[in-house]
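Consider the two complexes below, in which chain A is the common component and chain B and chain C are the respective partners.
Right after this comes the complex of A and B.
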């Protein structure tokens, strides 16, 4: 356990190294957020919806702030497989899956918190109807924090399954790009899931991708009533367990047929 | 003429070299399709829920979306040299080799890369254009076709100019500036919707500084029969040329900056 913890810490420290580079990215992300909010505002002006505009703008800002949680991958593993230095990792007295799981989790968590803090501060300062609303209720906020943590566990498990695919072929850019895109669409990054047709939402919100950010955001805005919160968290827990289990089996199968390149 | 032949020849070679790995190429092209398809689905779902955006109906919005995707991805496909790793060439000093050859630097950069994977994005854009033109019942005449061609061409030139900004910054400070993405990719995302969607500061940004509105939206709106401004027809024809003017200014800055170019070496 201690070994995993220190792997986590090392990765976190590494992610914190490039604070300067983060700033440019954050400003870009804020700009994209403003554009999206402007589009939804204009749409709303024409035809108001059942839920208030502030839900949508908050959804946009929270998605933008935790963008890095969705799209952060570990390029080192692929390099290691290509060059054969994966052999070193196999020598470690650690489970390979667990080792990479904590690494990716550290990267996703640190990377997104680093970006989320300034972005959310900015979004709070924006005027009503542009920015981020306060959480619907203190209880809802607590539930959404728990949901966000489960979302992090879930997305790390998903990322490891993606990496499992990349272990199988040496050039996996296409596969990785496809899985990432699927995630962006079904996690609500391209279009808030609350704006999908209601009949689609019933299915989409049950998929693993909706557990990453959509579920905690809905708890935050109060879109999900408090009474339904435990049920939502249960779905998140189930998906996390399922994806982690599937990932472990997948990696074990991969490890059996791994070939060390070298020379 | 010689330059154009050279360019076409390099495009052929670059595209052939990418096709050498058919499976990887196929997967990446498919990924592009999902990406642009996802963007279009977002517009369709928004239209489904909200029905219209200001005076623009479903067909109009698809048309503007298609106009932007076709323009942007044609540029990415055939101008990948500039839209891709131009700043990287400057940063690593690889631009040095270009200075030795008896051709202009920009010509050589244009000839250095192509991105045929974007073909599926262009296809999505064409589908959106056709769908939009059907739904909005555009009455196509020769001058409308020509106006659209002018808009796409000038829009492409504008996008090339925008991507060159980062390369110019790189000549002075080796660090790359992510902020320019707000104009390039941000401009693409924003101007998929007509310019009157946005509040004043964004309107000014995308009309005066990065004139997407003048190159794409003004002619687009006229083709749809709902002009944005009460401009005479000649002004509508002149308006997209702002993209070329923009490129000319940036090109001038680039030539000036190249005098300061010091190779970073290896």
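Right after this comes the complex of A and C.
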């Protein structure tokens, strides 16, 4: 267990080194956030929706702040697979799935927290109707934190399945392009899931992508009533278990047929 | 039973290559990377493993280190089957892949070692003394706080070696450890490996293309070609078989020296220098030298065995590799 914890810490420390990238990411995401908010304001000016504007702007800012959690595969791990340095990791007395899982989690967590802190501070300072609202209730906030943590576990499991595909194809780009498109749409990054037609929402909120950020954000804004919170978390837990289990099986199958080419 | 015991090991790879005609279709080709390879290694042995590129050396190492599953045959290391009892097995071995890296690119090497300490559950006391010992012998003390990316190739290889030995493996696999190193680094690396082997009785299995590595380190050599074992024995035996050409150069005081030589040896004259090649199996070196001395006043005389790389090349040629 200590080994996995150390690997997590190590990856976190590495992520902290790339401060320039954090600054760049924050600027980029603030820019996107402002544009999206402006678009929704224009939309609301034309025809107000049933859903309060402040919820939408909060949704946008929380999505942008934790953007790093969704995209960005760990380039180091992909490189290891491509170049064959994964051979070293296969020689460790560790479970390889777990070893990569903690590193993915550390990267996603550290990367997104580093970016989220300044961005959320910025979004709080924006005027009403532009920025981030306070959580609907303290209980809702607590639920949303738990939901965010589960979202992190869930997205790390998803990412590790992508890694598994990379072990087969040696190039992550095809699979990533496909999965990222799905992720951006179904996680609510491009259009908040709350703005999808109700009939659609009934389905897409049950998909794994909705568990990453959409579920915790709805708990934050209070769109999900407190009474429904345990149910939401249960769905998250189920997906996390399912994706992790599938990933472990996939990796085990991979490990049996692995070939390290060259040298 | 021997420490490493390999019996009839087989491994195939499927390679897909483009057809000569028809751009869309690929052909499947099966390459037998290992065919009926068997050998034994005792604890504390230093074994050199040579063969041309693609002979199956790395495949053997990868199977014995538990990364690959063979398609047939048996192998045990210390009584364990590497690919079946992977975790227990790898705890006891160390691996250095000369062309890859195990340390973290962007962080000081000391941090990578700390992680390895936790991965192998090395007790803190043991870790401290072992790290001190290794960093002293591998001259890494000054580099502990430096990120890996800033090290030279020679420094990096020493750092990799240190990482692979922290947990005191009883068996060390070295896959081309001296590739790309300068003379000083190579010598230092060889010296260290000998020291580690003598000090702790670490069994070392080394694959390399650098014959000097073998000469310096390995009393026993195994030759692999096209996935088959072709030779297993001492280096001198191996070289004796292919040591067929020797060259003598004589420098006389006078220009007209005409030594009496067997008809099959035709000397090449260049002023006062005379160069001749012969086979040591056919003519005794001492006798030839005596004849050369009778012909005039010898100022200088050198006898050169064939360059070891040429020997190996001749051997590969004869074995049809």
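Simple rule for what comes next: the second predicted complex is superposed on the first by the 262 of 263 C-alpha atoms of A that agree within 3 Å, B and C clash if a C-alpha of one lies under 4 Å from a C-alpha of the other, contacts with A are read in each partner's own complex, and residues count from 1 in each chain.
Assume a residue touches a chain if its C-beta (ideal position, glycine included) is under 8 Å from a C-beta of that chain, and two chains touch if they have at least 3 such contacts.
As the structure is a prediction and not an experimental result, all values here were calculated from the model.
S.K.: Evaluate whether chain B and chain C can sit on chain A together after superposition, giving fit or clash.
M.R.: Once chain A is superposed (C-alpha atoms), there is room for both chain B and chain C without a clash.
S.K.: In the overlaid three-chain picture, which partner chain does A:228 touch, first (chain B) or second (chain C), both, or neither?
M.R.: Touch status of A:228: no partner.
S.K.: Could you work out the angle between chain B and chain C as seen from chain A, using CA centres and rounding to the nearest 10 degrees?
M.R.: 90
S.K.: Touch check for A:43: first (chain B), second (chain C), both, or neither?
M.R.: After superposition on chain A, A:43 lies in contact with chain B alone.
S.K.: Scan A:2 for contacts with chain B and chain C and give back first, second, both or neither.
M.R.: second
S.K.: So, A:253: does it touch chain B (first), chain C (second), both, or neither?
M.R.: neither
S.K.: Could you look at A:241 and tell me whether it touches chain B, chain C, both or neither (first, second, both, neither)?
M.R.: Neither: A:241 stays clear of chain B and chain C.
S.K.: Once the structures are superposed on A, label A:184 by its partner contacts, choosing first (chain B), second (chain C), both or neither.
M.R.: It touches chain B, and chain C stays clear.
S.K.: In the overlaid three-chain picture, which partner chain does A:175 touch, first (chain B) or second (chain C), both, or neither?
M.R.: So A:175 only meets chain B here.
S.K.: Report the closest approach of chain B and chain C over their C-alpha atoms in the superposed model, as a whole number of Å.
M.R.: In the combined three-chain model, chain B comes within 9 Å of chain C at the C-alpha level.
S.K.: Both chain B and chain C contact which residues of chain A?
M.R.: none
S.K.: Tell me, which parts of chain A touch chain B in their complex?
M.R.: The contact residues of chain A facing chain B are 21, 24-25, 27-28, 31-32, 34-35, 38-39, 42-44, 46-47, 49, 171, 173-175, 177-178, 181-182, 184-185, 190-191, 195-197.
S.K.: Residues of chain C touching chain A in their complex?
M.R.: Those in contact with chain A are residues 13, 58, 62, 65-69, 87-88, 90-91, 93, 95, 97-102, 104-107, 111-112, 114-115, 118-121, 175-176.
S.K.: List the residues on chain A that touch chain C in their complex, please.
M.R.: The contact residues of chain A facing chain C are 2-3, 5-7, 10, 13-14, 17, 76, 83-85, 87-88, 90-94, 256, 258-260, 262-263.
S.K.: Mind pulling up the chain B residues that touch chain A in the complex?
M.R.: 21, 23-24, 26-28, 30-31, 34-35, 38-39, 41-42, 45-46, 48-54, 177-179, 181-182, 186, 189-190, 193, 197-199, 202
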